[in-house]
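First up is the structure itself, then whatever we jot down about it.
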Amino acid sequence: MPSAPVAKKSTRAPQRVAPRVGRRASELIFGDLWAFDPAPESADPKLKPRYDLFINGKFVAPKGGKYFDSINPANERKLTEIALAGPVDVDAAYAAAQRAADGVWGKMPGRERAKYLYRIARLLQDRAREFAVAETLDGGKPIKESRDFDVPMAAAHFFYHAGWADKIEYVAPGRRVAPLGVVGQVIPWNFPLLMCAWKLAPALAMGNTVVLKPAETTSITALKLAEIFQDAGLPPGVVNFVTGAGDVGAAVLNHPTPAKIAFTGSTEVGKIIMRSLAGSDKKMTMELGGKAANIIFDDAPLDQAVEGIVNGIFFNQGHVCCAGSRLLVQEGIAEKVLAKLKARIRTLRVGDPLDKNTDIGAINSREQLTKIRALVAAGVKEGCAMFQPECALPPKGFYFRPTIFSGVSMSSRVAREEIFGPVLSILTFRTVDEAIEKANNTAYGLSAGVWTDKGSRILKLSTELKAGVVWANTYNKFDPASPFGGYKESGFGREGGRQGLLDYCKLI
Amino acid sequence: MLVCSPQAALQRLFDEVGSVDQIGIDERVAKYGTRSVKKAAKLWGLRTAVSMVDLTTLEGKDTPGKVASLCQKALRPHDDASVPPVAAVCVYPSMVRHARRALRNDSVVRIASVATAFPSGQAPLKTRLAEVKAAVADGADEIDMVINRGAFLAGEFGRVQDEISAVVTACGAATLKVILEVSELETYDNIRAASFLAMRVIRPGDFIKTSTGKTSLNATLGNNQVMLEAIRDFYLDTGVAIAMKPAGGIRTAKQALTFLIAVKETLGDAWLNNTRYRFGASSLLNDLLRQLEKEKTGAYQAPYYFSEAAESY
Amino acid sequence: MARLPITKTPKVYVGGAFIRSESARVFPLRDAAGDFFANIPQCTRKDLRNAVEAAAKAGPGWAKRTAYNRGQILYRLAEMIEARAGEMAAAIALGGATPAAAAREVAAAVDRLIYYAGWTDKYEQVLGNVNPVAAPYFNFTVTEPMGIIGVIAPDEAPLLALISLIAPAFTSGNTVVALASTTQPYPAILLGEMLATSDLPGGVVNLLTGFRAEMIPTFATHTHLRAISAVVNAAERKALALGAAESVKRTILLKVEEKRDWFSSALQSVDAIRNTLEFKTTWHPVGA
C-alpha cells in the first residue's frame, strides 16, 4: 500500500490514470488507491450437517429417507443436506396442524398466543448474527443485508404481530373474527427467513396453525427457526415445515386440509396454482411478480433519487418482486441521471457475500443466473445500450454485474418481463400524464416509486398509479405495520398492517 | 441593466443548484458506517487521515508557548517514523508569527489562520480584509474565513459572494478556506446553495469548510455529504476542483475513517489526499495515533501514552 | 448467631435517578403485622415540580422514538418485573394481601404491560384515518402525544392500578409524573428500579410517594401538566377540576368510591391510550 501522500505547496496529489484513453479532464476516478482488504464476517452459523422435516414439534426423518444437497451459491460448495418430503410427510404435517388447531392453539386466549410470538421475536434477536450468516451462506445475499435488514425485520414481524393476537376485535371493526384453522404456505428464495416471518406471524397471531414449505434452494434458516420454536416452547403442531421442490409445494397447496393457502413466487406459478385450486373452497392470497416503475421528475433531489434507484434495483441483487426495475426519467434530466447512476454503480462492490463490504452478492442459483443472462442478451439484441462497471467477479459461484440498459422502449422485453436480477431498464417521459400511462402499461401492479419535490404531484401519482405500494422520494421501505401486496397480475391479498390480518381470519 | 431583486436571486440560486432530501442523505451516509476497513486498508486510512489534520488551537487563552508546542506536535505527532506530519496548524491571526517562528519557512506543515472576525464574522468588511492581509503578511499559508450568514439568510447572495471575492483577492497566494457555518444555515438545501455561491468565486485548490467549531453542531456525515456532492457536481460541470474541510465534532479515528469512505465513494481517488481534503480537529490526532499503535502492537492503548493527551485517567 | 440482613433505603425514581424528597421528610411504612419496614420519602410540591422538569426534558426524545422501539421498551419493562415477580409480590403482601393474591396482581400487571406494549405500533391504525373530503385534497388525521401527564393512583391494587394508569399514557410518547398509593407505596419503589433497568430513558416515567392532600393542589394547577388521570374521591375531583380549568387541562377522573375490578379487561383498552392523545388533521392538494 502506498504511504499517505504529504502536502507540498505546488505539486498536485498523485493520481492513478484510468485505463481508457481520451478521458475528459473532469471525470472522477473510482480506482483502487484505497482498496479495502477482505473483511469476512466470522460468526459461526451453527449449521447442522443434515436437516430433517419439522413436524409436530420435532425434527423427523422423511418417510422416503431421501435428502437433497443445499449449496452455497457464492462458491457452489455443499452446505448441508435437507430432507425431501413425500406425500406421506405432507399428510403427517397437516394432521399435526389440524390437531393443534382443534386443540391447544385454537383454544388458547390471544394474550397467551401473543407471548409465544414475543418469545420467538426475542430469541431471534438473541441469535441474530448466527441467522444472518446462515442466510447469506444459503441464499447468496450480502451479509450486510441479512444482518441489517432480513434478520431484524423478521424479528420485528413477529414482535408486531404478537401484539395483535389479543386485539383481534379491532381487525374488522364492527365484526367478530375467528381463525381459519389450518393454512398452507409456500415461500420463495429471495428473503427466506423474512418470508417465513411474513407468512407465519399473522397466521399465528390470528390463531391459525401452519404447514409451510420453504424454497428448495434456501431451506436452512426456516429449519433453524424451528429450533427457536422448540426453545420458545411453541406447542407441537402449530408450525410444521416440509422441505422439497415444486412437487412438495403442489402437495402443500392442493392438500384438502387447509382452509386457506398463501403463495409468494412468480406470476407464472401463481396462475398454475390458481388453476389447480379452481373449484375448491380454499381461500387464497397470492404475492407474485412485478415490473415496477421508478419515476424521476426534473425537480427531484437528484443525488438522493439516484440513491433510490440504486436501492430499488440492486438491493438483494434485484431479487425483489417490488424492485424498481424500470426507471422512468423525465427527458430533460435523463443524461444527467444516467451519468450519476454510472458513477454511483462504479462504487458498488460485487463479490463474496460474507465480506462485510460487499454490496452485491451472488445470484441465488445457476438456474436464475441463466434466466438473467438470457434476458440481458435479449436486451442487447433488441438494440438497448448496455452499461456494466468493470469489476472482477469471483472465479466460482453465480455472479452478475449490476447492469443498466438505456434507450429502452416500452415494447422491449427488458421493459416488459421480470428479470429478477440486478438489471435496470431506463425509459424517458415528458409529462406527468405520460409517466402515469407508461408506469401503468403493464400486467403487473405491485409497486412504484415517485421522485419529485412537489407534494401535490406525489399525491396525484399515488392516486393514479395502479400499484399496491407507492414509495415517494424513497424506495424499498418495509415495515410490519405497512400493508404490502399488489394489483392485477402481481397478486391479491396484503401482508402486514391491519389489512394483512384480514386474510388470516374469517368474519363471523 | 436591471438588477434582480434579492428575492429573485434567491429563487434562481436554489432552482439552479437543486434541492436536497434530508432523509435520503441520512440514509446514504448510514451506509458508510457499515463499511469494514481492516489491516492494510486501515493503516492507509489512518495515516492518510493524520496527514490531513489541520491541528487546531483557537482559544482565548492561546499563547506563543502553546502554539510552539502545537507546532512541534504537528511536525512530529509521535515517536514513530512511519507516522506522517499533519497538513497544517490552525491558529488565530495574532499567533501566526509565533507559528512561523516555530515552523520556519521550509516546513512541510502549513500555517492556516482564521480571519474575517472569526467566528461570528460580525465586523465591517474593511476590518475583516485587513485581518486577512495581516495574517498573510505574518506568514500564513492558508486563510480560514467565515461567510456572512446574516446576509445569506436575508437572501443577499450577491453581497455574500462579493465579500468572498474580496477575501480571495486579499489572500494573494495563500489558499482560502470558506467556512459556511452549517449549524447556522441549518438546512441541507441552504448548505448546498452556499457551497455553490462560494465555489463560483474561489480558485482551484481553495476549500469549502463546514464550521468554525464554535457552535454546538459541527461537521456531520450528512453535511459533509451535501458539500462533497456540491463539489462533485461543480467539478463535473466546470472542471474546477474545490477542496473540502469538515471541522469540529470529529474526535475518533473511526469517525475520520467513515468521513474518508464518504470521500472515496463520492469524489473518488483524486480527493484522498491533503491538498483536497482536511480535518479541522485537535483531539482527533491522538486517537488516530492510538489506533495506529494498536494496529502495530496488537494492544489497545491508554490515551496518556501520547503527547498532549487531554485526559489522564 | 443468625446473620443480620442489610435493609434497603427506599428512594423515589425521578429523572432516571433515585432520590430522597428535597424536603428530606419521610413517613414510616409498617407491614401488615404493624412492624416497621422502611421510611418512605414524603414528596412535596417541589419534588413534583422537579419531576415535571425531568419529564419535560425527556419528552421530545421519547416522543420521537419509533413505535416499535417504545413497544420493545415496554416489553422489556415487563421482562424486568416478571424476573423479579417474587420480590414484587412480597412488596404487595406488605399491605396484608395473601401471597396468592399478590402473585396474581403481579402477573396481571405484567400482562397489562404486554397488552400496551402491543399497541404502540397499532393504535394509529385504529385511531387515525384518511378523511374523504369533498374537494381535491388528501386529508389525514393522525394522533400525537399531549406531553406531560399527571397520574394519581388509588390506595388499592398498588401495582396493578398504577400500571393501568401510567402504561396507556407513556406508551404513546407522553411522559408521566405519578403519585403512588399513599398506604402501599413500596411496589412503586421497586417499580422505579425496574423502570431504570428497562431501557426506558430517564424522566419518561417519574414516580413520587407521599400524601394526596399535599400533592393534589400542585397536580391540579401546574400548567405544564397537560392532563390528569386520577382515581380520587369527590372532593379531590372537584379540586383537580377547578385547578385544571385554569390551564384547560384534560381530566380523566375515576371515582374511587366506585368498586372496580382492576383485573378486568374492561380496564385496558385503546381508549385509555386515546385519552391522552391529540388529533391532528392535515390537508394537502392532490394535483400535478
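Order as written gives the chain letters A, B and C; numbering starts at 1 within each chain.
Rule of thumb we're sticking to: a residue touches a chain if its C-beta (ideal position, glycine included) is under 8 Å from a C-beta of that chain, and two chains touch if they have at least 3 such contacts.
The structure displayed is predicted, hence computed values, not measured ones.
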| item | value |
| --- | --- |
| Target subunit C, source subunit B, minimum contact steps | 2 |
| Chain of greatest Cα-centre distance to subunit B | C |
| Averaged-CA centre spacing for the pair subunit C and subunit B, given as whole angstrom | 49 |
| Whole-Å gap separating subunit A and subunit B, where each centre is the average of the chain's CA atoms | 42 |
| Residue ranges of subunit A in contact with subunit B within the complex | 1-9, 12-16, 25-39, 144, 148, 299, 301-305, 307-308, 339, 347, 356-357, 453, 473-474 |
| For the subunit B and subunit A complex, residues of the former touching the latter | 18-21, 23-25, 27-28, 34-45, 47-48, 50-51, 82, 84-85, 87-88, 108, 110, 141, 229, 232, 235-239, 260, 264-265, 267-270, 272-276 |
| Interface residues, subunit C side, partner subunit A - complex | 67-68, 71-72, 75, 111, 114-115, 117-122, 125-126, 138, 270, 284-288 |
| Sites on subunit A touched by subunit C in the complex | 111, 114-115, 118, 156, 159-160, 162-167, 170, 173, 432-433, 455-457, 459-460, 463, 480-481, 497-498 |
